Every structure is written in structure tokens, then in C-alpha cells.
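Sending over a structure as C-alpha cells; questions will come in a sec.
Letters A, B, C, D and E name the chains as they come in the text, with residue numbers starting at 1 for each one.
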Amino acid sequence: MIVRPRQHWLRLIFVWHGSVLHQILFRLLLNFAMAVVAVLGMSQFQAWGLHLSTAPFSLIGIALAIFLGFRNSVSYDRFWEARKLWGMLLVTARSLLRQAQTLTGRRPDDPAVREFAALLIAFAYQLKHQLRQTAARPDLERLLPPALAQRLGQASYPCVLLLREMGLWLQAQHASGRLSDIRWQAMDANLNELTAYHGGCERLSSTPIPYAYSVLLHRTVYVYCTLLPFSLLDSAGVLTPLISVFISYAFMALDAIASELEEPFGTEPNDLALDAICITIERSLLELDDVDQLPQPHQPTEDHVLT
Amino acid sequence: MIVRPRQHWLRLIFVWHGSVLHQILFRLLLNFAMAVVAVLGMSQFQAWGLHLSTAPFSLIGIALAIFLGFRNSVSYDRFWEARKLWGMLLVTARSLLRQAQTLTGRRPDDPAVREFAALLIAFAYQLKHQLRQTAARPDLERLLPPALAQRLGQASYPCVLLLREMGLWLQAQHASGRLSDIRWQAMDANLNELTAYHGGCERLSSTPIPYAYSVLLHRTVYVYCTLLPFSLLDSAGVLTPLISVFISYAFMALDAIASELEEPFGTEPNDLALDAICITIERSLLELDDVDQLPQPHQPTEDHVLT
Amino acid sequence: MIVRPRQHWLRLIFVWHGSVLHQILFRLLLNFAMAVVAVLGMSQFQAWGLHLSTAPFSLIGIALAIFLGFRNSVSYDRFWEARKLWGMLLVTARSLLRQAQTLTGRRPDDPAVREFAALLIAFAYQLKHQLRQTAARPDLERLLPPALAQRLGQASYPCVLLLREMGLWLQAQHASGRLSDIRWQAMDANLNELTAYHGGCERLSSTPIPYAYSVLLHRTVYVYCTLLPFSLLDSAGVLTPLISVFISYAFMALDAIASELEEPFGTEPNDLALDAICITIERSLLELDDVDQLPQPHQPTEDHVLT
Amino acid sequence: MIVRPRQHWLRLIFVWHGSVLHQILFRLLLNFAMAVVAVLGMSQFQAWGLHLSTAPFSLIGIALAIFLGFRNSVSYDRFWEARKLWGMLLVTARSLLRQAQTLTGRRPDDPAVREFAALLIAFAYQLKHQLRQTAARPDLERLLPPALAQRLGQASYPCVLLLREMGLWLQAQHASGRLSDIRWQAMDANLNELTAYHGGCERLSSTPIPYAYSVLLHRTVYVYCTLLPFSLLDSAGVLTPLISVFISYAFMALDAIASELEEPFGTEPNDLALDAICITIERSLLELDDVDQLPQPHQPTEDHVLT
Amino acid sequence: MIVRPRQHWLRLIFVWHGSVLHQILFRLLLNFAMAVVAVLGMSQFQAWGLHLSTAPFSLIGIALAIFLGFRNSVSYDRFWEARKLWGMLLVTARSLLRQAQTLTGRRPDDPAVREFAALLIAFAYQLKHQLRQTAARPDLERLLPPALAQRLGQASYPCVLLLREMGLWLQAQHASGRLSDIRWQAMDANLNELTAYHGGCERLSSTPIPYAYSVLLHRTVYVYCTLLPFSLLDSAGVLTPLISVFISYAFMALDAIASELEEPFGTEPNDLALDAICITIERSLLELDDVDQLPQPHQPTEDHVLT
């Protein structure tokens, strides 16, 4: 996700990076070529009795609008639900760490508190690596005792084991008399919340939009755009290539954006900035532990800010 | 539900399996034949004074768009709610098992803990079999004591009895002094959650989209597609069969996808992969119990992955 | 609500029962007659200088689409919210009965437990009768002690009094030392839930979709359908009556379905099957109380299943 | 909000009261006059080279549809959220009163219980008067001790002080040993709920739909309707005034309904019946306190029922 | 956000302030100029064989409708979610202060209670300044002890530290025997809520609508509006500049409103009135603390009221 300052309306039209134009450029060139063929062969086609007006395209437009509108909003909902899950992960981690200090009566620089903070931070990194299928080991070894990091590295569901470690930490506080039953339960409820965010990310990641939608949408968009130049000859004449590319651009770009947002845990320009969110979680929890030296926030590349 | 790696846009257009094309192929051929008749009989129809332009089809298109758009989003919402219920079932089962270990102070390999895990796993399998109306007995006998498995096999609402068994397990922990009132209540609240997921699945399964919608939608779509070729003669000429099949394909396919998603607990290609979810629940709970040998994850058939 | 097995696409087109065709048949015949008049008087109208094309109908179609789409989704949301409330009622009743057994340490066949189950079952029946404005007395007398049944029969808000009875039952368990404060509170929270479902049903029942919408929608639909045949003369010629009835059918049927779903507690074919849901609640709670003889599930009439 | 029995479809078309026709009648007459001018001046306009077809109106219709559809659903959502807040207020008041009886072990006719009920009833009336900016004093004096009523009359946020009074009542029950910590907390949680409903109503009341939407929508609708007659001359001829008024009616009425629902706490025919809801709250709480003489339910005026 | 009394429909059309007209005036003038060029050069263009009808614009209109409708509702949802978060912040602050009085048995004018209120008020101001990137220091120094204000001024996440201060306040009440475990937990749960509202605002602020949407929408709108005059020549003739500006106004204004609402924490006319909300929070908490002299509510500028 690239955050930029609000830009002049005119600059927005000529921007290249972060838009999806580069993905569909080849297909638009194909469409342009097809339209040029249509214009050049116009009289020949009519000689063959082939003729097409825009009227049928209004009819198919209804189906296309339902498809694109639906897929677009479902993809965005997936993107936004993913963002909410990670936002709540940060929120609940802060709440748990505040509770680990105030409910147990421990100071922020107490080793036990910092150990708990490390579990929370490791949970975020582990989840990020799992969703992106990257190696969690370096981050885990940086944050956790070696034995635990190794155990997690061999597990099928390491996030679940991390949550059990947090549960054992609470158990130990109770055993040492620092956490009453009531307060234990209050913190344990927040572990349930973390479990739910983890499960929510797993759900989004393992269940894409039903496959038949993608197939149907692609077929409809591409057949539509391919036939389009021939139907524009009457109403646009020699301007047909221009108009055809413009219309095709709108439909194909809409398809391409939705396709990026659909899987929000990837690393494409419009995906979630999980790296930056993980750093934020780490920084916020360390500051809450009164650690003086916080790690640097995620550095933006080029002229934009990653969050 | 079939998960595939993201595919090239061109390949998406020619895919067969997982799309719904095979379901509506016959109807599309009928539509093609009708369009050929329309083209061949054009001059005869006009001699009889029969004539139809696309204008009325734009008007009916408004009603069609409302119907299809509505049914499509309602069907998807049902599919997604079902997926969420099963995702939350996994989440709450993990939370309950973590609590069964940390709140009672039992080790992961404690027989009592494993007995509780078996109840949770059996609950998931029982619910799957109930929703698909398949035989739950083999899975129950594999997981539970014979007497309980038999009792469940005779029950009308076996999932409810399984939840009572979990409640009795909690009662026994309390009686043995391992679970204080507060912690008991924290776990009991999660049993309420499981009851709600079970009830949610029952609701989706027993209450389809009102019947009148299906009837009305089918009638409108099929009358529309049948009359369509005659209205395209003016604007598409000899290309009428091509355009007519293309438009009909979009509308019929939209109808067919929605029809699959509407009942998400079936076994069609776009339905929920309950088999795979049940295995995931079993694997995750066993790992949390420190069982070394986990069952194999669900094997994908052919070239795709079932989740 | 009528549940049927999935039907062949062709059969769906000719079905009569459960569709709303019978409700609007008379109005469609009127529309047909109007269209015949339009065709026969065509030349006369033109002589008078009266002429109408389909273009203005595209414009009004925009307003119609907003109205119908909005009313349709609001009606369905009301239907589905009502279904969810009743689904949650079943869920919470099961949870409360499980708690009444496991949290108090009572056996399923304990008279006190069965008394509590009777209160829950009576609550469901009382709510159904209130929503349908039918006599609750026979069901209450079957389930409850005569004095209580009589008191409820005189009350303005009998469901609220039933919830107080459940509260008193909990109070008695606490007084007898079987229910600690914590567990009492856990069950009392579920009484709050039942109160909310009751209030939600009251809200749906007493607050219809604002009246002005119905008026405006009816006016627009009927003026539209009445003028429609005259505008189709150009584009459909002698086929005008056929096309006009087809378009009118789609709009009027959409209106009629929404009108049925809008008040989901009625007894029309597309309304909620409250009888069947009440029986399910009774059966499920009795089975949870280890009662051997359960009442029969709701019998489907004719060839369909009521749920 | 006016509730009527379901009416014959034909009667719905000619109803006057409760529809919004009287609000826009003048503007429709203006539109009719404009259309007559258009018809009479048709040949003169053409002589001047002025000509307009319906095609541009289809384009602007897209923007209009987005605006009207959006504003309509936002307005209805505001109306429905307001209704839900008041429904939940009734629900939570019932729950609190049930708890005030069963959790403290007090009888329904205990003066302390009735004092608590009076606070709840006064809260509802105070909120209604605040939202409608009417004088709360008479209702407060009827229900509360004079000193409290006077204090509330001088306060900027009297509902908040009423909630504190309820909190102090709970504190007193705890001090007298009738309410354990756990049960106190269970009731206090419901006070949080009441605070949230109050805050939700304040939010809806103080934050209308952004002003720019109203401006933009009005401008678009009125410019559209003013230009409309000129564009209909080709396609509707002398029928232009009729068609123009029909189309304008649909758009203006949609605008007018949304405008009424947008501020649901007013006293227009389609606003919430807060008077009736307050009486229902009072009646329901008094019956729960075993008061024999309940106040009369809200009397419908004329031939319709206010709820 | 500017709240005005409901205005006459005619006045709404000519209002300037608060509408977005001034933002797009220059672009509309450009559009007008382009349309004048189109009218003047009409015969020349046709001589070159350049011709364009409105038909292709209906097709592109479908894509435009999906884009604008989607962006519009997403922007409004962001605005409304932000408003809800701030509304809940007020609600939870009131609940916490009521609890700080009634659950600890302290009087409203107790210094400890007022210290807690100051923390809550400071939390609101700090969050406002963070979201608007303005200096929080003056407000913090006005409300908090100097040492704490200084510490917050140096922090990266000062709101999180304020929540910890509230947690420490609760801890102190528990240590002094005024707050039992249960009541402590009830108040701590509300701190979790505040943490969630803070996190929600951070999420909205750091994650805009994906950049590609803005780019695509701008491109489509501006290319559309630029080509529009040429396509209107046939259907609007010399009226082309008028009609073109009208249509462009609707689309560009819709874009501009959405762009303002998208970032609801700014200071543009249609953004949230955070100043006024903060004053309301301060006034409401101080009144609940029985402070006699409340600060003035936010003063409206000119003829409108800021809330």
C-alpha cells in the first residue's frame, strides 16, 4: 500500500507507478491493433454483410456491470477485512501488554513483561511470514529463546503454539500470585481475540473468491473488448481505435485492481504493507515497555511512504 | 472450493474445470439453434409483420440486473457466512483447547486434555456429516468411546449432545478443583460460541433463498434469452447467433454460479471444502496436544488443491 | 418458507405454487388488454398526433431500478434478520439448557431442569403467537402450570414476564447453593440475549418499511406498466402485447415478492416457517433433557417441506 | 411512522396522506408549465436551431442514479439505525429491571425497584425530548423526585446524569449487601449499553449526511427536470407534459422521502414514532413491576396507527 | 462538518459555501471552452471525417458508474466509521467516568476522579492532534501534570501511554482497596475499548483507498468529460456547452465530494468536526464531575454550526 500526499488532479492522470496500467498495456495494444483492423476493413466487412451496432453491447453491459461491480466490492471487502484484522492485532497486543503491566503490578522494564512483549511481537512476524510464505526463522530467532524458535520452525501451526506460550505465561503469573482469577480471565479473553485474528487471516488466505467468478469475468471482459471495435464503427468512425482503447482500459483496469486486492497478503503495490505494520507493532510495544531505542520505522522507497 | 495459483489472463478464458460452462452448455446450444432459425427466417418474419428491436430489451434489462445482482450477492453472502462460521469453529476449538491446558494446569499430553480435544474434533466431523447428510458413524467411532458414538448415532441433534459432553467435562474439572468458577465460565462462554456456529450452519442449510426468487429469475432469464435472437437481427445481422450466445452465456452463467454458492455445504466444485477444513481442525488440535504424528492434510485431486 | 429439492431449470419456469404469479395475474391480464388496445388503435393514435417512443422509459427506468432494488434488498434483509433472530433463539435456548444442567450439577431428567426447559419452549411459542396475533393460550397451558399460563394470558407483554420467571428460576438455584454468583451471571447474560431477540422481533413487526416507499413504488410501477404498451409499438409492432406482459410481469413480480418478505412473520408461502421452528426448538430441548418421546417434526403439506 | 393494514394495490396509487406528494406538488406544477411551454414553442425553438434529444439525459442519468441510490440507502440506514437504538433501549431497560428484581432478590412492588424503573422510564423520555428539542420538564416531574428533576432541567447532558443516578442506585444495593460484585458488574455493563444508545442517537442527530451531497443532488435533480421537457419533444410529442411530470415525480419524490428519513427524530409522517415507543417502554416496565393500571398505549390519530 | 437548518429546495441550488463547486470551477470552465470549440469547429471536423455519437459514452458510462458508485460509498463508509469511532470514544469516556465514581465509591468532586477525567479528556485531544498532525502540547499542558505532558510530547505513540496511565490509576484504586477485582476488570475492559477506537482511527488515517482507484477514476472521468462535447453535437447542437458542463459538473462534483470524505480527519468543510467533538467530550465529562463552569461549546463561524 503506497500512501502519497494528495496530488493535483492533473498529475493523477499521468502517474505510472502504483497504477495498474503496466499490467494491461499489452492487452490494450492488442485492442488498439484490432480496432485499426476494424477501421481499415470496414468497407470489406460490409461487403460481406457483417455489421454490428452498439445496441447489443448495452445489453451485455448489464451483465458486465453486475460482475465487475460485485467482484470489485468483494475484493475490496477482503482487502479491508484483512486491514482490520491487522489493525485489531495491533490494538489487542497493546491492550495485552498494558494489562501485563498494570494487572500484574509489574514495571514496564520487568524481564517477565518484556518476555511477554517478545511473544506478542513474534506472533505478528510469524503470521506475516506464514501469509506470505516467507521464512519466519530469522525474526523468531531475533525475538525468542532458541529452543522455542526451533520448536516453532518445525510446527505446522506455529501461531497456535505461540498463543499457548502466552497462555502459559499467564498461568505462571497466576501461580506466582500476581494475577487473580478474574484478571487472568480478562487477559485470556484477549488471547481468544488474537486466535480469532489469526483464524481470520487464514480464512482470507485459503479461500479466494470462487474460481468460476474469475473465469466468467475474464471471458466476458475479453470477448466484450475484442468485439467492441467492430460495434463502434458506426458511431465513432475513424476515432474507433481511440474510443475502443479508452473503454477497454476502464474495464480491464477495474479487473486488474480487483485482482490485486483480492489477495491482500501479497507484495504487489496495492497490497497490504505487512512489513510496515509489523514494525509499527514492534515499535509500539517496545515504547510501552519503556525501551529507549526503538527500531526505525519502515523506510519508504522512492518518493512514497509504505505503511 | 478449488484453489489454484494465479493464472495467466489468457488461460483463464479457456479453462473448463471449475467453471460452470458444462452445466449450461445444452441451453447455450438451444439458444444458438434459435438464433440460426431467427437469421434464416428473418425475411419471412418481416413478411408476417413481426419485428422486434433491442429497445424493449434494455427495459427488461433493468429488472434482470436487479434480480441477478441481488441473487448473486445474497448467494455469495451465504457462501461467505458459511465459510466464516467454519473458520470461527476452528478458532474457538483452538481457544478451548488452549484453555483446557493452561486454565486447568494440565499438560498437553494429559489424557483428559486429549479426551476434550477428541470431543472438539468429533463436533466438527459430526457437523459436516449432518450438513451433507452423510454417515457420521465411522468418524465418531474413530474419535469417541463406543457408548457415546452409539448414543450420538441415534440422536436427532447429535451436535447439541456433544456440546453437553463438553459441558460435563468442564463440570468434572471444576469438581476436581482444577477449574475455578471464573475460568469455568470463561470456557463455558466458548461453548456458547460453538452452539452459535452450529445453529448458524443449521439456519443456512434449512432456509434457502425464498423460492419465488428462483422461479422469477429463471423465468425472466430464459424468456429473455429465447426472445433475444429476434431482437438482435437489426443490429447484428448474420452475427446474431454469435452475439446471442455470448449474451446468454453471461446471464446463464451468473445464474448457475449463484445457484452453486447458494447451498455452500454441498460437494460441487465451487462449494466449501468441508473435508479439508475438518482435517485442518483435527491436525491443528492434535499438534496443540503435542501429538507427533498428524494425519495427512487433504490431498488435492488432479491438478488443484482442495482447502 | 417452502424448501424443495433443487429442480430442473426447465421445471422452474412452469411452477405455479410458491411463486407469486397468482397474485398478479389479474393485473397482467389488464396489461395485456391495454396492449391489445394500443396495437389496434395505433393508426388512430398517430392520426391524433399521439406518439411515444421507448426513450423516456429508459429515463424513468433509472428511478424504477433504484426503488425496486432498494425495496427488494430491504425486504430481504428484514426476512433474513427475522430468520437470524429465530435461529439465535434456538441457539441461546440450547445454551441455557446446557448450562442449567452442567452449571448447576443437575441431571437432564431433574424436574427443575425440565421446568426450566418448559419455560424456554413456552417463550418460543408465546413469541410466535404474539407475532402472528394468534391465541397462545393452548400452547401455554400445555407447557406451563395453570396459574402462570393464566397470568400470561392477561399480560400485555407476556414474553417479558416469562423472562422474569426464568430469572426467578436462576435466583432459586442460587438460593439453594447450586449456582455460584459467577455462573448465575453467565446464565443471566443469556437471558439478556433472549430479551434482545424478543425486542428485535417486536421491532421488525411494529416498524414496516416507511409507507411513502410503498406508495411511490406502486405508483411508479403501475403508471409505467400502463403507458408501456404505447411506447413499444414502434419497436415491437404486433408483438407488443407479448413483450409488454413480459416486462410488466418482471416488475410486478419483483414488487410482489418484496411485499411478502417485508412482513416475515405472516403465513404466506414465502414467509418464515415459525411453526416448524417452534417444533424444532421443542424437540431439541426435550432431547437435551433426555426425553425419549419427541413430538413429530412439522409435517410438510403436499409435496414440499416446511422448515 | 404510520402503520396501516396492507392495502389493495389499486388504493395505494391514490393515497394522499403519508405519501410525500403534497411536498412536491408545487414543483411538479412548475414542471408541467415548463413542459407546456416546450410543446407550444417547439417550432419556434427549432427555428432558432435549438434542439435536444434524450441521449444526453441517459448519460446524466448515470450520475443521478448513483446520487439518488446512495442518498436513499444512507437515509434509510440512518432511519433504521435510529429505530434499532430505540429498540435496544427498550430491550436493555427490560433486562435491567428484570435484574433489579431477580439479582437483588427484591419483589416487583418493592419501592426501590419502582424507583429504579422510574429512572429508566425518565431516561427514555429525556432522550426523546432532547432529540426533538422539546421540554422534558413535565415528564421528568411526573416521574422523578423534584430535586432530581430540577437538577436535570439545568444540565447540558441530562441523560448522562440519569445514568449516574442508576449507577448510584446500584452502588446503594451493593452497600446494603443485596448485590454482589459480580451481579453489580452484570448490571453496570447494561448501563454501558444505555450510554451507547444515548451516544448513538446524539451522533445521528448532530451529524447529518454531508451538506455537499444535498446541494449536489438538488442541483442535479432540478436542472435535470427543468431541461427534461425539451428533450422529450422528439420522443413524446404532445404527450411531453404527461411524461415529464411522471419522470419528475419519481425523482423528486425519491429525494423528498430520503430527506424525511435522513433526520429520523423529527415529527414528520415518515419519522420515528418516539411518542409511541416511550409509552411502550413505560407500559412494559410498569407491567414488569406488577403495576395494575398501565397508561394507555399511544392513540392512533385518524385512520392510522402510530407505533 | 457544517450543520444547517433544513433549507428551502430552491436555496439549496444556489448555495456556494460547503458545496464543492469552487474546487472544480476551473475544470468546468475548461470543459465549457472545449465545448465551444466543438460547436464552432463542427463542420470542419465532419469535413475531416471525424464523428462521434453518444452511443459509446453509454458503454463507458457503465464502468464509470461502478467506479464512482464504489468510491463514493467507500469514502462515505470511511467518514461514517470515523464518526462512529469518535462517538464511541465519547460514550466510553462517559461510562468510565461514571464507573470511576460509582464503582470506587468516590464523589464527583474527588481529586482522584477529576484526575482520571483529565486523562480521558487529554486522550481525546491527543488523538485529534495526532490525526491532524497539529501540536498537542498546549492542550496536554493545560490538562495534565507537567511531567506527564512532557513525556507524552516525546513519545511516538502518546495515546498508548495515556491508556497505560489510566491502567495505573485503576491499579492504584485497587491497591487502596476501593476497587475489587471484578470492578477493576469491568473498567479495564473499557480501556480495551478506547485502545480499539484509537487503533481504528490510526487504521483509517494510515490506509487510504488503494491508490490505483484514484488514478483510474480520475483518468476515466477526465477523458470522458473531455471527449463528451464532441459526442453531444448531434443530440444537443448549439446547446452542447450547456449540457456538457452540466454532465461534467455532476461527475466531477461526485469525485470531489468523495475525495473530501475519504480522509475524514482533515479540516475541509465536509470533514469531521473534531474540534467540536473534543469540546463536547470535555464539557460532558466536566459536568459529570459536577464542575460548575463548563468551557464554551464550539462557536459556529459565519452562519453555520460546527459540531
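Things to note:
Here is the rule we use: a residue touches a chain if its C-beta (ideal position, glycine included) is under 8 Å from a C-beta of that chain, and two chains touch if they have at least 3 such contacts.
According to UniProt, the chain labels map to these proteins: A, B, C, D, E = Bestrophin.
What you see is a predicted model; the values in this text were computed from it and never measured.
Counting hops only between chains that touch, subunit B (Bestrophin) reaches subunit D (Bestrophin) in a minimum of 2. Touching subunit C (Bestrophin) and subunit E (Bestrophin) together: D.
Superposition of subunit A (Bestrophin) on subunit C (Bestrophin) using C-alpha atoms only gives a rotation of 145 degrees, nearest 5. The centroid of the Cα atoms in subunit D (Bestrophin) and the matching centroid in subunit E (Bestrophin) are 24 Å apart. A separation of 38 Å divides the Cα centre of subunit A (Bestrophin) from that of subunit D (Bestrophin). Residue positions of subunit D (Bestrophin) touching 2 or more other chains, listed in rising order: 53-54, 58, 64-65, 69, 181-182, 185. Chain-to-chain contact here is organised cyclically: the chains close a single ring, every chain touching exactly two others. Note for the complex: subunit E (Bestrophin) touches subunit D (Bestrophin) at residues 1-4, 6, 9, 12-13, 15, 18-20, 53-54, 57-58, 61, 64-65, 68-69, 72-73, 76, 79, 83-84, 87-88, 90-92, 94-95, 98-99, 101-103, 105, 180-183, 185-186, 190, 228, 232, 234-239, 243, 246-247, 249-251, 253-254, 257, 260-261, 269-270, 283-284, 287-288, 294, 307. Of all residues in subunit A (Bestrophin), those touching subunit B (Bestrophin) in their complex are 27, 49-56, 58-60, 62-67, 69-70, 74, 155-157, 160-161, 163-164, 167-168, 170-171, 181-182, 184-185, 188-189, 191-192, 195-196, 198-200, 202-203, 206-208, 210-216, 218-220, 222-223, 227, 259, 263.
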